[in-house]
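Next come two complexes, and both contain chain A; in the first it sits with chain B, in the second with chain C.
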Partner chain A sequence: MEISLNVIKEKIRKKMLYITTVLGVLVVMIFSSDMGSLTIGGRQIKDYYVLIPILIHVVNFLSGAIALAMSLTTVPNEYERRTSHLIWSRGISQSRYHMSLAIGNVAVSWISGLILYATMAVFAVVNGYSGMLGRIAAAALLMLLYTAIISMLASALSIIFPTIVSGVIMIILFAGGAFRNILILLAAVLTGAGGTIMKRVIRLFPDLAGLSRQGGNLAQGNPVDVHVIIMGMIVVWIAGIGILFFRRKEA
Partner chain B sequence: MNEILKLENVTKSYKDKTVVDALSFSIGKGEVFALLGANGAGKTTTIKMILGLAKPSSGKIEIADGVKSGYSPETPYFPPYLSAMEVMRYYAGIEGRKKDKEYLEELLDTVGLEDNRTRVKDYSKGMIQRLALAQALIADPDLLILDEPTAGLDALGRKHNLELLRKLKERGKTIIINSHILHDIEAICDRGVIMKKGKVIDSWTNGVSHESLEDKFIRLVGEE
Partner chain C sequence: MKKRTIGMIVYFLTGAALLTAGFATTEKGLKEDDRKEYERVIEDRKELGDLGFPGFSPLDYKTAFSNGEKDFVIDYRNGEMEITEREAVYEGLVGSIYPNGDEYEVVVPVYETWIATGAHEQLSAVIWHESFHAYQNSCFRLAENSADNGLSETELAERIDRDPEKRSLYEKELEVLGRVADTDKTCDFRQTALEYLRIAEKRDELLSAEEKISEDYYELSEGSACYVESRVVRYENGDAVYEDNYLKNAASYAEGNSKYYHHGMLQCMLLDGLDPEWKSTFAFDCSLDDVIARYCE
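The block that comes next holds the complex of A and B.
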């Protein structure tokens, strides 16, 4: 508990959370106001009900990016500055230590994501869609799963790989997951071995796009595909197993 | 004298390089033991293996049952935004101890950090060193392992720390010190080993020889 709380305190004190969140809030503001408008087929869309699924995709993507930036360096920093020495020497197991750090990462990612969702909710009210607040809150639950996937995977990989390697893997997983729909479309167009390989590779990406789509469905009151949510939970569970079993040779 | 720690033929190798080579020594309860040697002699690796921060490639390290240890690193890092008291509460919490404010304040007073509200970022190197010592004492350890406990301290700070170590010795604590300041070693330690390139090249017992530790060290470590 202390270790997780310290991760949260550290990220807050380092102002990284503020900077990334302010950037995210700005994007939400631009999307939610007249400053930015969506034009489909030459028609300007101003209906918040129509905009909200797109906004959810954008906000989830931002939350995921913040989660990635926050989570990738926590474990390596602990070892680099040898804080780990004072933890290991107290008989704290690596599993407990790494999981505590990962929980701290997830918590910080959630705080940041919830701030973005709160901004979105404020703009929903401003635009006269107070009735959507409950559904936006429900969609926020899927954002929690979205960011937990990124944060837990980043924490797990950062235990065993140097930051640069885990960073590259995570960017591929994140981008692949967030734009999974586009990749699926591309794979469907491709023929031959390329298409087959691509279809298999896509399966390795967590279905982040699917989670955002379900968030949009929730916000609009449409049916939700539970399968996507369960798959997301399984990814978090697998990352959690990784955090518990991945080991560093030395503190 | 009851043995509290015993190393038997402990070796640590990284790929082709052996940094600790067949190291053997034992430490009795209540002893203050010095690990001596030039940079790269294998002292810190030895400490890491004793603490379980690194696994020996071969050999055996035995710590007597029920012995609690405390560790003060050479270059401690504490979150700069925390105060000394918050650092103490943090480590007490990790150890699952009740965060008794009075007890933690007493420990901070013991190491000379009466002002425990100043943030670590405003601490001098010497104050951080004292905080490192204070956090090592939280569990009231039987075995204290101190890596360069007087490094970076001014004359007063060094004197204070040595007095503190003497008090801990009087209270029956077993202490392992890794230090380059041989004068301090002679002032506080009962005996020790001198290491060179991962091996023990000689042992030293306080007050036995007319030769000063510094002369002995230079003679042995300086030889190629």
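The block that comes next holds the complex of A and C.
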């Protein structure tokens, strides 16, 4: 618990949380207000009820990007500063130490994600959609899962790989997951072996786009596909196994 | 037992529960979203009927939802859906008909792929569109009777796009036909038809025989299917979406194939204005221009 709290405090102290969150809030403000106009297929989207699923996609993506930026360096930095050695001397196992750091990463990602959702909620009220607040809160629960997936995977990979390698893998996983719909479309258009291979590869990406879509469904009061949520939880669980069993050579 | 061991047991039990739930909620065969789209077609059919084309029903044709690898085929009989699975008959992203023995089947992408295209229309409207092609070909053998010497849709569109004179007169045709889509003004249908036919006649002189045959064919087959689709969208999504997606840009010339869809749809709307019953005797045995001319005699 103390290790996790230290991760949160450090991110606050280094202003990483502020900078990334302020940038995120700005983007949400631009999308939610008249400053920005969202045009899809030549049509301007002004109705907040219609806009909200799109906003959820954007906000979840931002939250994921923030989670990635903040989770990738936590473990390597700890080892670089040799804080890890102080921990070993207290008899704390590597598994517990890594899991505590990962929990800290997830908590920081959740804080910034919730701030972005709060901004979105404020704009919902301003636009006269205060009745949607409960549903936006429910959609925020799926954002927690979305960011937990990114944060846990980044934490797990950063234990065994140098930051640059884990960063590249995570960007591929994150982009592939967030834009999975586009990949599905591409795979559908491709014929022959290319299409078949692509369809298999897509299955390796966590369905982040699906989670955002379920968030949009929740916000609009439409039925939710539980399978997508369960699969997201399984990814977090698998990443958790990595965190528990991956070992760092320096330790 | 050590705290750590208990923690591990709890962690793995949670994983086992999640994996079980994951398997339990995995959809096999036809997915729920696809089923809902088909159920929407069944519901719409009750309200929309045959849309004025005698004997037309999208439920008469087997409908395959394709993911490019597998087709999930719905055969709707006696109020029940019978679902079978087969290897995909087409690769890639397809909205088409498939001749299977004596009958035509409708093939559309699965919902998951369809929404990824960002398309405005409901997938159910695409089922109506494609099943109208199945109707044209099952009941009237449209493709068999029309397109022997024809050009492909893309080749024809490219030829017209490149020829300034043919293009300019087609733009004029669309402009005149566009009056029927103007919701703010009352259209004099007969006057519009006469003016349109004058331009069409002048333009026909510029077209080669294969261009004329092909253009008539695509306006008829795709235009009338687009007309049917637009009626479904109007019913499902209301006037605003209908006007936005089908009327707003219908009279604007667009490079590529889409102009034939819009042109044909506007011709059908013009015919509605001349005589709402035109469809009841139409046998897809002549061009839409011929039908318009007949009502102007």
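Here is the rule we use: the second predicted complex is superposed on the first by the 248 of 251 C-alpha atoms of A that agree within 3 Å, B and C clash if a C-alpha of one lies under 4 Å from a C-alpha of the other, contacts with A are read in each partner's own complex, and residues count from 1 in each chain.
The definition used in the following text is that contacts are C-beta pairs under 8 Å (C-beta built on N, C-alpha and C of every residue); 3 or more make two chains touch, one makes a residue touch a chain.
Please read all numbers here as calculations on a predicted model, not as lab measurements.
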Since both structures carry chain A, what do chain B and chain C do when superposed there: clash or fit?
fit
Chain A: partner with more touched residues, chain B or chain C
C
Scan A:A187 for contacts with chain B and chain C and give back first, second, both or neither.
second
Name the contact category of A:I3: first (chain B only), second (chain C only), both, or neither.
first
Rounded to the nearest 10, the angle in degrees at the CA centre of chain A toward chain B and chain C equals 160
Have a look at where A:M231 lands relative to chain B and chain C in the superposition and call it first, second, both or neither.
second
Given the touch rule stated above, what does A:R13 touch, chain B (first), chain C (second), both, or neither?
first
In the overlay, answer first, second, both or neither for which of chain B and chain C A:T196 touches.
second
Could you say whether A:H85 touches chain B, chain C, both of them, or neither, answering first, second, both or neither?
first
If we overlay the two complexes on their shared chain A, which of chain B and chain C does A:R248 touch? Say first, second, both or neither.
neither
Smallest Cα to Cα distance in angstrom from chain B to chain C after superposition equals 14
Quick one: in the complex, what on chain A touches chain B?
1-3, 6, 9-10, 13, 81-92, 249-251
Enumerate the contact residues on chain B facing chain A in the complex.
48, 51-55, 69, 71, 73, 75-77, 79, 81-82, 90-91, 93-95, 135, 139
Within their complex, state which residues of chain C touch chain A.
4, 8, 11, 14-15, 18-19, 21-22, 25-27, 32, 67-69, 91-93, 109, 112-113, 115-118, 120, 244
Given the complex, residues on chain A that touch chain C span 40-41, 43, 93, 96, 181-182, 184-185, 187-192, 195-196, 199, 225-227, 230-231, 233-234, 237, 240-241, 244
